[in-house]
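Have a look at these structures, which come just after this line.
In the two complexes that follow, chain A is the common piece, with chain B as its partner first and chain C second.
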Partner chain A sequence: MAHIGQSGYSPYPVAVYEGILTPPPGKALIFNEIVDEDIAMREAAKAMLTRQNPTIFPGPQVLYAWNEEAKEKAKLVRKMAEVLGAKIIPMYDYRPKYPKINPSVEINPNHPNLTIWHNKIKACIFVGVHCHYANVALKIIRAETDCFTIAMCSMAGHEDAMITLRDQHAEDMERFIKIAEEVKRELKQY
Partner chain B sequence: MSYNIYEINEDLKEFIPKEIVDLQERATWGNPKRGVMDLPYSKELVEEHSLCAGCPESAALRYILASLPNPEDTIIVNSTGCTSLVFPHIALHTVHSLFGNQNAVASGIKRVLEIRFPDKVKDVVVLAGDGATVDIGLDCTLQSFFRQERITTICFDNEVYANTGGQESGLTVKGYVFKMAPKGKQFDKVPMWQLAIDSGCHYVARLTVSSPKRVEQVIKKAIYVAREVGPTYVHLYTPCILEIGLNSDDGLEEMRNRDKERFAFFEYMTPHAEEVINKVKEECLL
Partner chain C sequence: MQATETLLYNRAGQKIVSPDYLLFEAPRAKHFMTGSEAVKEAVRRASVDASVSYPITPQSEAAHLIGELWAEGYVGVYFRGESEFGVMSEVAGCAMAGARTITTTSGPGTLRAMENFPMWAGTRIPVQLVLMARGINSPLSIQPDNLEVGFLLDTGCMIWYAETAQDLFDMILAGFTVAEQPDVHVPVINVIDGFFVSHTREAIMLPPDDIALPPYNPYKAPMPVIDAEVPPGRFLRDPFVMKSNYISYATHASWQWEVRAAIERSRPYAKHYLRGLIELFGNPEAELVFVACGTASAQAKEAVRLLEDEGIPAKVVKLKTIRPFPIEELRESVKGAKYIFVPEFNVVGWLEREVRRYLYGHSNAEIIGAPRVAGGMTMPAEAIVKEVLKLTGKEVKHVI
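On to the complex of A and B.
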């Protein structure tokens, strides 16, 4: 890793400087491997179903009723949490409220590690978080915790997450829920 | 901007803390008649603050935020100082500028907003301390007045650099001694309100924050005039009770005492500004 220049400004390792880039359209990323979306969705579901205290972190883009898609996505986030048996901790705004943050009821992009440590979260999904804040939060989580991060991004994805799903809209979230249900059934057989 | 941004999706509402739900249900968005009288009943835009107990600046911020006629479309630009400790807690768009740059940053924001949202009223309000406004940022402050930028500048004057231990500022009174200014100030206090008038501000006021209703009137006038005419300037006395050796409950008394002398209420407006203010009064918005 470089010690001067842009990456040197970051106190945390930066995935892009380790050669990890966001996946091309139609594909997904698992660690540093570009794979089909369905494969990544299965692995994401498996991580959420098998790791401790799985949690979904919905951001402002799904928490607030901006438009019809946001309303639809909110319903799907709720359903996703039911299928995965996951807790929901919202990221309702990005104000750096330190030291007033209550990590049991909110996650803040400026110190997301506090929420993950406090709740002992080992797998999480970021959904509806604006990209620039997701990038900051995912870097901190990647460097500071053992949490398996999954980014469901409606844009180009996030290389700092363990699994990156890009261009995710309501229909993709529905597909993910179906895959999660399948994985859940399969896991019950063992 | 759409009011929908405050509307929480029903499906996820149970996971949102009450203070955020209250911002949707009990805040006074979309009501230009909002004011300090709403404070006991409605959700405030600053829930808590990290200033000292009894700090008059916290009262000033509370009254100002309650008085903004258009909070959902107001951008606050602030600078380094005690005030900057509060801005992370405010439920509004705020931009933290470099120390002293606040009026330059606000000018840019205002101009871009006029291009980006030509059909919308967007207010840009600068909130900064005396160091940022009158010492380090005097150049940017006055230049924005000369350029007739349509922004409101509010200076919190505590007459000292309180945040950094008590160095004298341009607004310290002559002869005053502080922890880091043991010889006492050698020069007179800068008459910033007069400089603002001479530099082309269309509405200028000087007051303490001992009277919430008066603060509301002044802030609303300053914002309406800035919207229609040009730069406006409000000079508020918000003493640092710690630096002048007072207790937490002495702030109000200190301001009331200064109301009678160097911070006696003073208001200036140009004929054009007066016209705007009269029009707003006719619309019962003041």
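On to the complex of A and C.
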């Protein structure tokens, strides 16, 4: 589908035009394959632990203290970064910036590739980014970079990410951290 | 994002039930009402926060009846806009602020408001528009004609098409439910043919009026709700064109694909809540197929009955959704077809174009864009039969 009609002219790949939809509840997506969440979490941890300059991009839903869950998730993002040996670069603002963002300290959904290029990021996790902005950014990243993208979404997930986990709340993030610790031990990185 | 709060009753004191219960399980009783009254009854059960109206035939009555619901306490906010452009802008503001919002319009009103529809989609608001289709030609017509739907096809809104008042009632409730899914979250336009459905009475099965949909939860929206006090609501909607061209090109491209991707994501939800994206009627093995939506599908069903008398097996593929277009369902349902007729209430044949586009390379059937009536003309079943008999060379028993 992607190469027929209008979407064939897009510089950006669109997963749904290749027949890929968000995973059903209780499941996750690795590329175009629907898998159990634990399998996706293991692969996500492995990608973050083995690729260069892994980075977590936390969005407003975990950066601002909207509610108790947001505060708890923010602490878990920090813990996740420690376990994965990842940097944290926030997407705190969705406004496009003129002339451009400072890619060493921030990421913006309108030109996320600048941050990824600048920091040579080869694996990343989106967490707490509102779904629309995550989807806009993930399409650009997929087209413009070789970064392996992972989306931890509290809603229905993101088919444009290479791994997507849906309905992710604090307890799921804790489970991911445990799985990441296991994978890290298996990789003898401790 | 927000902690889940279990609500038992809405502002009108109606018991909150699940969409599945309201649409599929609740007991229903027979009523006799117009399409406009069906809109009122659906809105009554939809926990609507806001509605803005502007008069234009044939939707004025539906808009007026929603106003009555406001007076009765079922709708949170209701007012008259300055024009259709004003209305569609104002409902956008309501939706961006987190309100479940519905409005109605027709014909020239649709075109006057046109700039807003892609804006609705681009800002990912799940506004519902009930479109009671009417002619848009000059000299002025107030007659039924669905040409305006052709203008809406690529606005980024979902477009569903109701055949009857019953369809419309169910589609309004299903429309909110599907449009508000976090991974969909684009507007839904529910179309009916003005007058034919809006102004005629028919039997309609309604669930009790003391139950209603769960309220909209704007904190599940894919964009932050606008809140002047709380970031990031006030941090988000700068136009890219004010920034750099680089940002403008890149983001606009990805953004537009994302809006269309959102419509594609609605497929499984729409399949569930509409019980499929198409409906089949007639002889499943027939080589003669009518592909239609709205009143044209009702008339095509009558034509199938008349053709049966002529010994010609036929079937109707009624399209319930136009965006997303039921591509796979249509291809499957016309396998083995030799002739596909697309009867329409407009001069341009926008549905015929859609059918040809999606069947190209997938069907060897001859596609015939007929009959096509416009400007308020009716489409008697006999007119459809006549087109078929013209093709087969068979003598006409049912003379028009």
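Here is the rule we use: the second predicted complex is superposed on the first by the 175 of 190 C-alpha atoms of A that agree within 3 Å, B and C clash if a C-alpha of one lies under 4 Å from a C-alpha of the other, contacts with A are read in each partner's own complex, and residues count from 1 in each chain.
Throughout what follows, a contact is a pair of C-beta atoms (placed from the backbone, for glycine too) under 8 Å apart; a residue touches a chain by one contact, two chains touch by 3 or more.
Remember, predicted model here, so these are calculated numbers, not experimental data.
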| Looking at the overlay, what does A:E106 touch: chain B (first), chain C (second), both, or neither? | first
| query | Now for A:S154: first (chain B), second (chain C), both, or neither, which partner does it touch? | reply | second
| query | Does the superposition put A:W117 against chain B (first), chain C (second), both, or neither? | reply | neither
| Between chain B and chain C, which makes contact with more of the residues in chain A? | C
| query | After lining up the shared chain so the two structures overlap, which partner does A:A74 touch, if you call chain B first and chain C second: first, second, both or neither? | reply | first
| task | Using the touch definition from the top, say if A:I89 reaches chain B (first), chain C (second), both or neither. | result | first
| said: Which partner chains sit in contact with A:A65 here, chain B, chain C, both or neither? Use first/second/both/neither. | reply: first
| task | Overlap the chain B and chain C contact sets on chain A and report the shared residues. | result | 60, 64, 66-67, 70, 92-93, 95-98, 100
| task | Over in the complex, which chain B residues touch chain A? Could you list them? | result | 2, 4-12, 15-17, 20, 48, 50, 88-91
| Okay, in this complex, where on chain A does chain B touch? | 58, 60, 62-67, 70-71, 74-75, 77-78, 88-90, 92-93, 95-98, 100, 102, 105-106
| query | Inside the complex, what are the residues of chain C that reach chain A? | reply | 1-3, 124, 181-183, 185, 220-224, 230-232, 235-236, 238, 240, 242-244, 246-247, 250-251, 253-255, 257-258, 260-261, 264-265, 267-268
| query | Of all residues in chain A, which touch chain C in the complex? | reply | 7, 10-12, 14-17, 21-22, 60-61, 64, 66-70, 92-100, 109-111, 130-133, 135-137, 139-140, 154-157, 159-160
